[in-house]
Every structure is written in C-alpha cells, then in structure tokens.
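The next block holds one structure in the form of structure tokens; read it before the comments.
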Amino acid sequence: MMDSGFDRRDFLKVLGWGGAAVALSGCGNTSVEDGKETVVSYSEPADYVIPSIGVYYNSTCAQCDAGCSINGRVREGRVLKLEGNPNSTVNRGKMCGLGQAGVQHHYNPDRVREPLLRTGNQGQTISWEDAYKLIAEKTQGVSGDQIAFLSGGVSGHLKVLLGNYLDSLSCKNHFVYEAIAPGVARAANKKSYGVAMPRFSINKAKVVLSFGADFLGSWVSPVHFSQQYAQFRKGVDGQRGVLVQVEPKMTLTGANADRWVAIRPGTEGVLALGIINALGTATGDIAAAVKAYDRDRVSEETGVPAGQIDKIAAMLKLHSPSLVLAGSAAEGYEHGSQNAAAINLLNHVLGNVGKTVEMTEDMPFPQMSPETGNTAALTSLNNGLAASKYKVLFNFAANPVFTASGAMNFKENMAKADFKVAFAHYLDETALQADLVLPLDSPLEDWGTQVPEYLATCAQINIQQPLMEKLHANTRGMGDILLSMLKQRQPDDYNGYEDYYGYLRSAVLSVKDALGGASVDDETFWNRTLSGGIIKFEGSVNKLSANASAAGLKLPSHSEAGGDYPLRLIPGVTASMRDGRHANQPWLQESPDPLTTIVWDSWVEIHPKKAAELSIAEGDIVEVTSKTGSIKAQAYLFPGIHPEAISVPLGRGHEAMGRYAKGYGVNPFQILDAVFDKETGELAMHETRVKISKTGQRVIVVKDEGAAGGQQMGKKIAVRVSSDDVDLSEEV
Amino acid sequence: MEKDIREDIAWAKINGDVLKSLENPRKLYWVIIALALAAFGVGVACEVYQYNTGMGVANLDNPHVWGLYIATFIFWIGMSHSGTLLSAILHLMHADWRKPIYRFAEAMTTFSLMTAGLFVLVHIGRLWQFYYSLPYPNERGIWPNFQSPLLWDAMAIFTYLSSSVIFLYVGMIPDLAICRDHLHPGWRKKLYTLLSLGWEGTDRQWRNFRVTYLTVACFLIPLAVSVHSIVASDFAMSQQPGWHVTSFAPYFVAGALYSGCAAIITLFIILRYVFKFEEYMTLPILKKTVRLTFAIAMVWTYLNAIEFASVWYGHDVASKDVLIQKMVGPYAYAWWGMIFCGSIVPLVLAFKRFQTNIPVLLVISLLLNLGMWLERWMIVSPTFSHGYYPWTWDHDQWPSWVQWGMVFGSFGWFTLLFMIFCKVFPSVSMYEVKEMVYHRSLHSKKGDTAEQGAH
Amino acid sequence: MSVTNLLDDWAKFRHPHPVDDKPHDPYKWAMAIDLDACSGCNACSVACYAENNIPVVGKDKFLHGQSMHWMRIERYWDEDGRDFPDQGVQFLPMMCQQCEAAPCETVCPVAATNHTSDGLNSQIYNRCIGSRYCSANCPFKVRYFNWYDYPTTDDVWPAEMTQQLNPDVSVRGKGVMEKCTFCVQRLHEAKVVAKGEGRIVREGEVQTACQQVCPTNAISFGNLMDPDAKVHQQWQAQQVELDKDKQAKDENEGGSELRGYRILEELRPYPSVMYLERVRESAI
Amino acid sequence: MHRIFHLSVFLIGLFSAATVYAADASQSAPMTPDSQWPLVEQPIEFPHNRHAKDMQIDCMYCHTYARRSAVAGIPPLQKCIGCHQSIESVRESPRIKTLFEYWEGSEDGKIAAKTPMPWKKVHDLPDFVRFNHERHIKRFIEQQNRPTQEVCGYCHGDVAELTVARRSKALSMGWCASCHEKEHPVTAAGGTPIGDQAYWYGFYKSEADAAGGDLKAHGPNDCWQCHK
C-alpha cells in the first residue's frame, strides 16, 4: 500500500486542485469558463495517488476509548470520510455517529493553533522551544510529589512515554480520570468474576437482562455490542433473543427492549436478589441471603409488578444461557457496588459465567494495557489541590472544570496550583484555567498506538496514523511533546529517536516476534502493520473465578425520597454527547437525540403524570435545584422515565470550546451532589436529589418530532409484530 | 322598472363626461398613487431581501413549502375572470347593460393577471433560472416537463394575459379616436393618434371592428375557463389529501368569477364616486351586477358543499382528516372566516333594499374578497400542515412579515396600474354607451325593433 | 429541433412504472431495512451528512423546520395509553423511497427530478428552479429545500471544514431541492469500474453510506435484479413485489409469517424501500 | 356572420400550417459551431504542437490519469524534468529555464524547489458537471481502438496544432447531448425505453428503433450521469 510512513507524509500534502473550490459547486462557476481556476498537480506523485480517486488508510477512532478501527478516505490529500475497518474485531467495519463526526474534530475551526502562555487574562502565543523551557524550569525546583498529572484513559506507547516522563520527574501522582466510566462495575466485576472487564457475549445469550447498561448507546463498546445485538435478535436457529431492560430512565437500549421495566431508582440490586429468590435454584449462603426478598416485598420496594418479576424469572429459567448486565444506572448510588454485586450474583446463579460472561486475553505487555479510572481519581486530585499539595498540574484529555461535580469547586482548587499546563485541542473550560496551553494534533494527523480496554476477541494493538498532513503547522502530537520533554531530562536515552513516529516504529519492531512478525523482516512487518491498522496477537488468557457468594452483600432498604428534594436527578448519558468532549462537533449537535429528537439544547425529561401534577407542559423552562446548585432548562414530557425521577442529559452547557458548543444547553454536572459509592469512592451520579419549579417562561422545543408528537395517527408507518406471528428462521 | 340609463343623454355630453375623467387629476388621485407606490415599495423591498437571503426568510419550511405566495397568486388569477365574464360572455349574450362598466372590468382583468404573474416569480427559489421552464430552442438541448401542471399554468396565463390585452385594446380603438379628436395637442394626443390606428369611423372600419372584436371575445372565453381550471389542476392533479379533488376545476372557476364580481362592485362604487359617473354607472346596473354576484356566490357555496360532502362520505381518510383539521385545527379561524365571508355575507345581497345601498355594498364586496382570499389560503396551507405523513405535520407555521409584505405590495401594484389606466384611457366605453343610449331610445320609440337596430 | 420528436415522445411519455414486461435491466437499486435490527442510534444519519455534504443549519433554522437531514430517524410511541412505553419505542429510518411511480417526478416543471434507467429518482440540482412542487406532492415528505445559501452562511462550512466536503457530490446553493440519492456517486463509481471490465456491478461492490456504517446491519442495499443480492433475496423471502400495491402479506389477515411491507403503498408510488416489521416478544 | 366564418377558417388554416412546418423542421442542434475561444495566459507557453505533432508523443504519456480516472490530470513536474534533464539542446531555452526554476527553486528564492506549476484550467466545465475521461478513453480508444489524438480531439480540438491549449468546442450541454442521445439510444429488450425519463426531454431523436432496440438500459443520457 505504501513504502514507508516517512515518505508517505509527503504524499499527504493537500492538493489545491479538486479542493474546496470544486467541492463548493453550485456557488462555484456555473458555465464553461477558461482560465479562471488554477489546476495544480503533485510535483512528485506516488503511483497510488490518482487525482479524483480516493486512497484509504487504516487508523483508530479516537472519539471514545472503545478502540474501533477506522478506514479513512483521502482524496487530493484531504481526509473526507471515515468508515469502519472490516478487519477489526471490535467494530467489524461498522461505526457510530460519534465516530463519523471524528472528521469534524479534525477540521474544527476552533482548534488551538499556537502554544499559548497566560499573561493576566490574555493568552499570548509563544514558541514551542520557550514552552518546553518554561516547563523545564517550572518542574525544576519542585519535588516529584508536588507535581500532578491528570489525564483521561491512556494506553499503548503514549502511556509508556508518559510513565517514563513522570518517572523522570520522580512523580507518582498520575490521576486517570474519565467522567463517565463503569468504575463501580469494574471493581464489582473484579470481585465476582476476577477480571474488571470480562467478555460479554450478547450474541450467545437467549435472554439478556440488563440493569441500565446502555450497551447500544454509550456503554463500554457500543458498536461492538450493537453487532452482537443484531445477531442476538436474529437468534441462534431462528430463536430470537429477548432483551429485558430494567432502568428508571429509558436509554437507547431500553427503547429497543422487548420489555422495558421502569424501576424505582436505586433498587436494582433488590430486584436482582428478588429474581434469584423467584428462580429458587440458588443454594447455600446465596439462598440464605435472598430468602428475605420475596416477590411482594421486592415488588413493593422496586415498584415492579410482582407478575412482571415472575415472568422475568420464568423467562430466565426457560432459556439458557442468558446474560445479566450491570450498567451505570445500577451503579450510581452509595450502595452502587452492592447493586452491581447482587446483579453479578444473578449471572453466577444462572450459570452464565463461562458461557456468556467469558474470560478475556490480557496484554502480554502490561505497560501498554489501558490505564482506566473514574471520578475517584479526580476526588483525590481535588483534595490534593484543595490542600495546595501540588505546585505543577498537567492536564491531558480531560476537562474536569466542566465535568467535575459542582460540589467539588474544582475550578477554585485548581487555581491553587501555581503552574498549570493543558495539552488541548480546544480552549475548553479547563484549558482556559491553565497557564500554558499546548495545542495538540488531531487524531487524524498524529501517530499513536491504542489498546482497547474491552477486548472483543484476541489481544490487539490499534495503530493510529496520519490520514493527512497537519492542518495547522504549529500543533504537535502528544507523543512528540512527551518525547521532547523527555529529551530535555534524559537526552542520552531519547535523542536516538528523531520523533514520536521513530520511537513508535522501533518500539513496535523491538517486540516484533511477540506480535507475530517473527517470519518477516522489519520493513515488511511495519508496512503490513500500517496498512492493516491493527496488530492482533495471542495474549495470555486469564481465567474467570467461578466462585459465587453472597458474602458481604447487604442492600439498604429503599429510603423514601422526600423532604425538600422529592425527585431524583438522573444524568442522561447520550451516545453522541457523552461527557461533552465532542459537543463542538456540529453533526452531533444537530443529530437529534434518538428518544426525544431534540437538537442543539438540553432538556429535562419528566414523566407526563408528574408533569400534570406540577402542571408543567412541554417547553416550560423549569429550574432544577439540588443541594449543590440549580440549572434552568426546557421541560420535555417523556413517558420513558420513572415518575420519581427526572433526567437531564450530560455533555451540553459549555461556557467555552468554540462556536458550536458554547452557550448551547446547560451542564448538569454542576449540580451533582458529592455523594460517593461506599466501597470504591466513585461519585454516585444518580444519588443527587432535586426539586423542580416552573420559571414561567416557555419556549418552543427545537426537535425533529412533528406536531403529531410521535403518533402514527392510525397510519401503517412503523409496524410492530408479535414474535408468535413471525418465523425468523425462514428469513434471509 | 327604472332604466339602466337615460335615453336622452346627448352624445356630446357622454364624450364630455368621460373625457373629463382624463383631465388633470385631483389631489386625491395623487394621494392614492403615492399610497399605492409606497405599498408596492414594501413588496419590492421584501422581494429584494428574500432574493438575496433565500426563501427561508418567508418562514416556509420542509414540508410546508408553499404559502401565501401561491394562495395570493390564485386570488389574483381569480380576480381576472370577471372582466372576461362581463366583457366577453355578456357581450355574446347581448346583455347591453354591461356596456358602461365592462371597460374597467377588462382593465382589471389585465392588471390582476399582471399581478398574479409576479407571484409566480417571487415564489420560485431560483428566480434567475426562471427561463428553464420555457420551451424554446436552447443550448442545453432539453425540453421542460410538459407533464407538469405548473408548466400548463405558465402557458395558460401568458396566453390569457396577451389575449386580454388585445381584447382590451381592440375594444378601445373607437374611444381612443374620440380622445385623439378632442384632446388638445400634447404627448397624450400623440399617444392616442398612434393607438387609434387612424380610426375614422367609416362603415368598413366599423364592420371589421365588430368582427374582430367578436372573434377575440369568442377566443377569450374558453381561455378564461381553461386558465383557472389549470390553476385548479395544480392541486387536483397532485396526490395530496385535500387537493386531490375532481370538482376543483369548476370550483376554482366559480370562485374566480365570484371574487371578480366582488371586485367589480368595489371598483364600480369607487369610480362612480371619483369620476362622477353616476349618469352611466347607474344603480340599476349596479343592481344587476349585485344579483349576478349573488347567483355566483350561491354556486360557489354549492360547490363547496359538494366538496365537503364528497370528502365526508368518501373513504379517503387522509382528506377527511385534513377537512376536520381545517374546521378545528390551527387554521380554524381562517376557515370559518372564509365560510362566513363567502357563504353567509352574500345572503345580504338577496334583499332588494341592500342591492342599491352603496355603503353596504362597498363593505360587503370587500368582505367577499377577503373571504375569497382566505379560501385560497385554506386550499394551500392546511394540506401541508396535515398531510399524509404524521411525523412531518408542522407546528404553528405562520407566514413571516416577508410573505405578508409581498401580499400587501401586490395590492399596491394593482392599484398603481389601475389608477394610471383610469387617467390615461377612458374607463367608460363612450361609443358603446352611445350605442346603448341609441338602442334604448329606439326601443322606447319603436318598441322591439331594437334588435335589428343593433346590426 | 423538431416538434415531431416531441410529439412521438409525448405519445410514449411517462412509461408506466413498474411493468412486468419491461423489467429494469440490468439494474434496479433497492433497499430493505430491518426495523427489528435497527436500534435508532442515528449513525446512518450522521454518515449521510458526512457523505453528501449536507449543511448543518443550526438551532434557529432547525426550529423553523428547515433542517436538511436526508435520512431522519423517526421515533414513535405506543398509542395504547399505558403509563410506560414498556415495549420500547418504534424507530424508523426514513429517507427518499426512490418510488417507481414517483409523485414528485410528474409535477416538476423543468424535469429536474426524473427517473433513471436503474430505477432511481434523480434530482438535478443545477436544473432545479425551486418551485417546490415535488416536495408538495411527496407523500413521505423526504425532500429538503435549500431555504438559505448554506455554502455562504456563517459557521455552516468554515474554511477548514470545506476541506471535508466530498468532491463527488455537488454542494447545493440556495433555492434548490435536494434529497437522498441512494449515494448515486458511489453507484456511479462502481458502475464505471464494472463497465471498464465489461460486466455489471456485483453484490457487495457498492454500499450506501448509511448501509456501510449501520452497526446492526439493519440496512441492506443492492441490485434487485441480481439473484445473488441480499436485497433481492429478502424481497423474495418476504414476497414483496415491486409492481404491486397489495402484497401477499396483506391478502391473508395476520396469518402470514411475513414481515416485509412498504409505507403508504396504497397510494401506489411503488417505493423501492422495503421495511421489515419490528418483532416484540409476547411471552414477557 | 359569414365574415366570422371566413376569419376563423383563415386563422385555423394559419395555425395548422405553422404546426406542420414546425413538425417537419429539421433537427438542427442549437449550439455554437467550432470556433477559437480566447487564449489563456499560462506560466509558460507550452508547445503542444512540438510534443504532440513533431515528437508524436501520445497525449496520455503526459496526461497520464485520463485512462484510469475521471480527470486527465496535469503532468507532474517530475515528468517534464524526467525527459528534459537529458535534452541538452533546449536546456537553455527560456521556457525550460522557468521549468527548472520550479523544480530546483529560483535563485531569487521566490519559487521554492518542487513547486508545482500554476497552470490555468482551459477546458473548465461548470462545477456541477462531472465529465469522466476514463469512460470515454475506454470506449473509443480501447474498445473501438481509434487513434488517441482523434478521440481526445472530439472535445479538445486539434491540440497538436496549438502551442498553449485553447478551447475550440462549445462544450455546452446540448453539444454533449447531441452525441449521447444520438449515439446511445436508451432502450430495453423490446425496444421500449424504460425508466430513464431524461431520454424524453432530449431534443434529438435517437436511433433506438433503428438499432433494433436490443441495446441495454444503462444509458449515459440520464441526467445523473453528469450531474450529481
């Protein structure tokens, strides 16, 4: 496909001809014209570059951590569109909307283009050399434990380099923070299965019982699960899989369930134990533990009809194997770990462990395997900052000022560090607080390796490579930045590497044999790797612990929400907005939320009954107040939510981050109470209690749904049929 | 019964009275002209803004892609029909009471057509590519789509416009000669000299004149009918609920004549007052017109009823939904307004005492026209806001000031043309009034030998 | 130019669609969308924006119903008056149905939208004069009009983003109608390759953007004339026939185990998109 | 009354006469004949005649992409240099000097090394027209093996006679269609046109019926062939 990355970079040059001018037809010339447009050709074209014909390069999607391999279409040196890489075991040539929007991350007009140094409230551009010097001297005087490095999930060689850099500073304070991550589930899984992220085979299950795991929308590896879901629906030998979703607020997955069960927020664990009880197959301490949870009590606590519980139990009994998933909706409580444990226990009782909950393969190179984290990390950093423990703070791929709970006052605490460096693509809320902002290359113009946390089948390393030349001359890849900072500290170790690409190449080739390249020479292996975009290899298998026990399992009996804050706030995680890091990508802003069809704004989901009680109508601007703070947003009457809860989607409400994000919607992170899961110390996102009041204003909700409001008016448009009336085995 | 016109008016007096209307205008005239200009200016401004910014400023949307432009277009087309009715149809019927009033009616026809034409243009998204829709030898080597009712529209309207201009002109020739002979030198005299084509009033000229006039009249009538039937087919030929109605063609024609007659009454009254034409535009003639209007109003109401009934008892659920929506939906007020103005108000005309009561008639005629305008709007919009596909039913889709501005402007434009016409050309046909007087006098003398006298 | 030509043509004008004795040959592009697989994730819609240079109109214009999404995901609730939609919701991807007897085609005054030989409903931007009659007559309301001049509107395509525009697809200026084209630029590319090799396009050689991205493979697209094409087999299995307005399924009430149907078939536009009914478990 | 009769007879006669005339009028293509369009200022006055006529170099030796892509492509600098390095005879001629300035960079440093030449586009169709060179090359040169210069000449005129290329054909839609509709009748088995409505909007009577109608319906005259 190409001779070598080095040379290829020349061919990534944008070719003026066939560029925007031609693309903008209709407002370009509209009659035959001579001598108006200039036509330019490469002075030394590669033989595989043919004008007007797309060239495809494999790389890795960086929109989330799922690690989908992408295949970028490049024409005249401009990357036009991303497709899935068919050879990837994660996404098998498919993608999600979020991933599609990756090009808008790359071409975004609001990217930072120069290193910026804060002087008062002004950012003034400085050269990279000065920036490096500045960092060097700021890190000189201080001891290692006065330096903190905050980052999102990191993996691959970037993680290695970062580690080395921090070591060179003898700094141990690397905080890995993801605002939305299954932190509690990881811990619970580790307990009950022995691994943080076992492999869930939805496609092998006949019944999937999901406690608020939005695996079609935003949970762990949505594209991968969506494909499994499709197979699961087609079913093995024509027996169609059945999906039961238990959650207080309908997610995309809930919307696709055969039965969506609206449960009282926080009582998921109780229902799980109730089902175990109803199954009656449990023995030993488990049987003892669940004895108390008879159907009536459970029904009374969870608000799920007793008949429904029996039906679910019966269904689970009838069809094996099944699969039970514990998702964010179940974890977001003080007793989140307990909920998760109870739900995982159900998997053990049903004997799914080993069948649909399977072991994974571990990276043979632990130093490269993903470093994950959740809100607990931020909490400890925040405490440190509050205690003025840190003098220098680095921030990379995280936006805590936007995503931290309002109760943390992160912004104020951050100010206590005297030198704050942000490696950023945009001037987001956190970057604005930094003293030094270093502009990063977009993932489509940078080199890198990535290891997905959730490994679909075998162990693999994803390659990230430039799909086109840099858009802005003065941005740098994170890898290159770390490398040059390491060169300052340990010249003799790192001067050997011309740049991050060089480092990457030699690093990969050094373990070529382990990566299954023993038979071929370096050049061939490297080119194969680049054109393939993925390195798959045998990892070390780690067994699941099959021991099930209800030891230490105790669930609080449901506490009546009441007093000043009668409602629960459920922060909605949507597939396109997530934690808001992509809110500045217009395609995502304008692609309607699947369930409400609302665009460009936030909304408050409230059950029509509750709304009637409070005489709230669609479009009313309501004020949602928690102990921590309050936000104002438009109300949307939404039948798919428990009457005791309201939901506001996360991700919007930016005060910075450019024209497409700034000023659209509100940010519910700001009003989350600082309540934590007792065991893991992760933020209990669903524990916030709120009250809701009308402000008197009303707006027209900007949504795709028409005046008929999602009714078909007796027309045969979207038709549903009962499973008895079809024979899927006959179908193609 | 009292007479349509006095038989003993001296011909010289007729000339005098009519020509007086061409004399230097009074202040009021200039005021009206100024207002009309201002209104038209508003319309132009809106169009310029829309042309530069895009149709979006009219606050149309997907799928609600048509709005007031189309509605008002139909309104003006409809307006044009009565002129033809009075001048051509009644001419063939030898209903000679039309003679004093047909001239301005015919002028009205021409000008409302010219106004309607504007709406075709402002409605189009790419005005600058308008010529694509004309079938002519072009370097692209392709025809337009002869299947599209819109194309028939364009053709029908152009034909109709050109022939009504001819009709209006031909009918004026003898009068233009009179003007030529009576006016003192000046640009007008030159103009009349040019236009009157050396009319001397010789026997031969009169014979040819009558033949031509009659022929053009014959030619015009089918046109008039076809034009509005074709406008109707813009809707009837589509598949949309509320449009896909077989009775649309007659319904539209009736509506057209209706609004036209109403407009005639309005202008009748105004001209009668402004130019002191009491002698010629007499109450009996007004009464006849009013009765005619009443009859047409009833026909229109009847056709309406038919349409509703056929939808109501038919099996087309979608159309039924649309009908119900018209009655109770967001457009209910407009729809009921149309029923009131179109079917209830005209009942007043049934009473003798109102048939000659000028103030009342003025108000009524205006109401009727409002009703007819609403009718056109109610044909266009509800189908969009409540079509086949529920997902796309629109929320409150209200025309923006740009649309209203252009509708407003169109009235300015029409008034402007009409006022100018009235000053430049005799708005009452002198020679025909003379004929009328002559025949009436014969009639009163030798009883029913009048018929031969006519020829 | 001769009128005779016009007159003959006129005589044969508007060949009725579709007809058994004159099958589409060799191509008839068609689609099948499995609503049981579709999860409503919107990936197809975004992919369509990326492939077809669709402008992002922004909040205000979206409010005025001037959005341009060629492919929209509709979401329908149950209408049985229960408190909770406990059987989930109904998602429906809706795009131009590429009707065989398309209501939009007959009414366009300038023939800017007309039928291609491989059964597509073409839309020619540079010919369009913006009468919007096509949209007025479209039963599905899947045609989108350029209410503003998006290429020159602020923040629609800032300088950087113009580089992402697909050169194979014209960017539409103000005043023209547009709609889903079944990614005709991709079809054309595949045909050129196939023609070069003197064969016809084979199954799997061409995908529409929405089909390619769909994480649940709910969308299948291909040549209905090609027995190897999945879409052909699906239509056959569901006994849905292009030139019928009443399918086998509709004949016997409820009895049939078929899921395939076409929307608003009774209006006889003969859509080229077959939907497969969503299945819901009755036992739970 | 008889006058009316006479008159109407006369009018009808006139009308029908006009119709008959129009109906039998010849199908003259409404397009401009070949003519020389104005010359375009280029960085150097490239002598096509020297290369194509005197040297007999095949068009596609330089415009190399024509046979495998939609666009013919401007020859990359590399290609020019490739030959001209070894042609000492003209090495010092001003045009070649400029050429090398673009390759090696000019002394005054105004032009960086390996700067592509800013050629002006001569046959520049409207942006919404998508002409595909590959298809035409395949059809005329590879299938019907006609001489290259003739085939390219259909649209580009006799370039071999020119220095700087210059448009001599109308390149209007009617001009393209006159070929497409005449040469590619769109019919299905049975000779009846299917689908492709665009066919009916054309001015030109295609020889579909003459061709026995056994041609297949992937007609290059549906609008989407060129407008997308």
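Details
Per-chain residue numbering starts at 1, and chain names A, B, C and D are given in the order in which the chains are listed.
What we mean here is this: contacts are C-beta pairs under 8 Å (C-beta built on N, C-alpha and C of every residue); 3 or more make two chains touch, one makes a residue touch a chain.
Please read these numbers as outputs of a predicted model, since none were measured by experiment.
The greater number of contacting C-beta pairs, out of the two interfaces A-D and A-B, is seen for A-D. Distance from chain B peaks, on a Cα-centroid basis, for A. With centres taken as mean Cα positions, chain D sits 51 Å from chain B. The distance from the centre of chain A to the centre of chain B, each centre being the mean of the chain's C-alpha atoms, comes to 66 Å. Rounded to whole angstrom units, the spacing between the C-alpha centres of chain A and chain C is 32.
Across the assembly, chain B contributes 137, 142-145, 388-389, 391-392, 394-395 as residues in contact with two or more other chains. Counting partner chains per residue, chain D has residues 30, 126-128, 170, 172, 198, 200-201, 203-204 touching two or more of them. In chain C, the residues that touch at least two other chains are 1, 13-14, 67, 72, 74, 111, 114, 125-127, 149, 170, 176, 264. If you sketch which chains touch which, every chain touches every other chain without exception.
Contacts from chain A toward chain D in the complex involve residues 17-18, 22, 24-26, 28-45, 50-53.
Residue ranges on chain D touching chain C, taken from their complex, read 19, 22-28, 30, 126-130, 132, 134-135, 138, 186, 188-190, 192-198, 200-201, 203-205, 216-219, 222-225, 227-228. By the touch criterion stated above, chain D contacts chain A in their complex at residues 37-38, 40-41, 65, 68-71, 73-78, 102-103, 114-128, 166-167, 170-172. Of all residues in chain A, only 700, 705-708, 710-715, 717 touch chain B in the complex they form.
Residues of chain C that touch chain D in their complex: 1-5, 7-9, 12-15, 17, 19, 21-27, 105, 111, 114-120, 122, 124-127, 168-170, 181, 184-185, 188, 191-192, 195-196.
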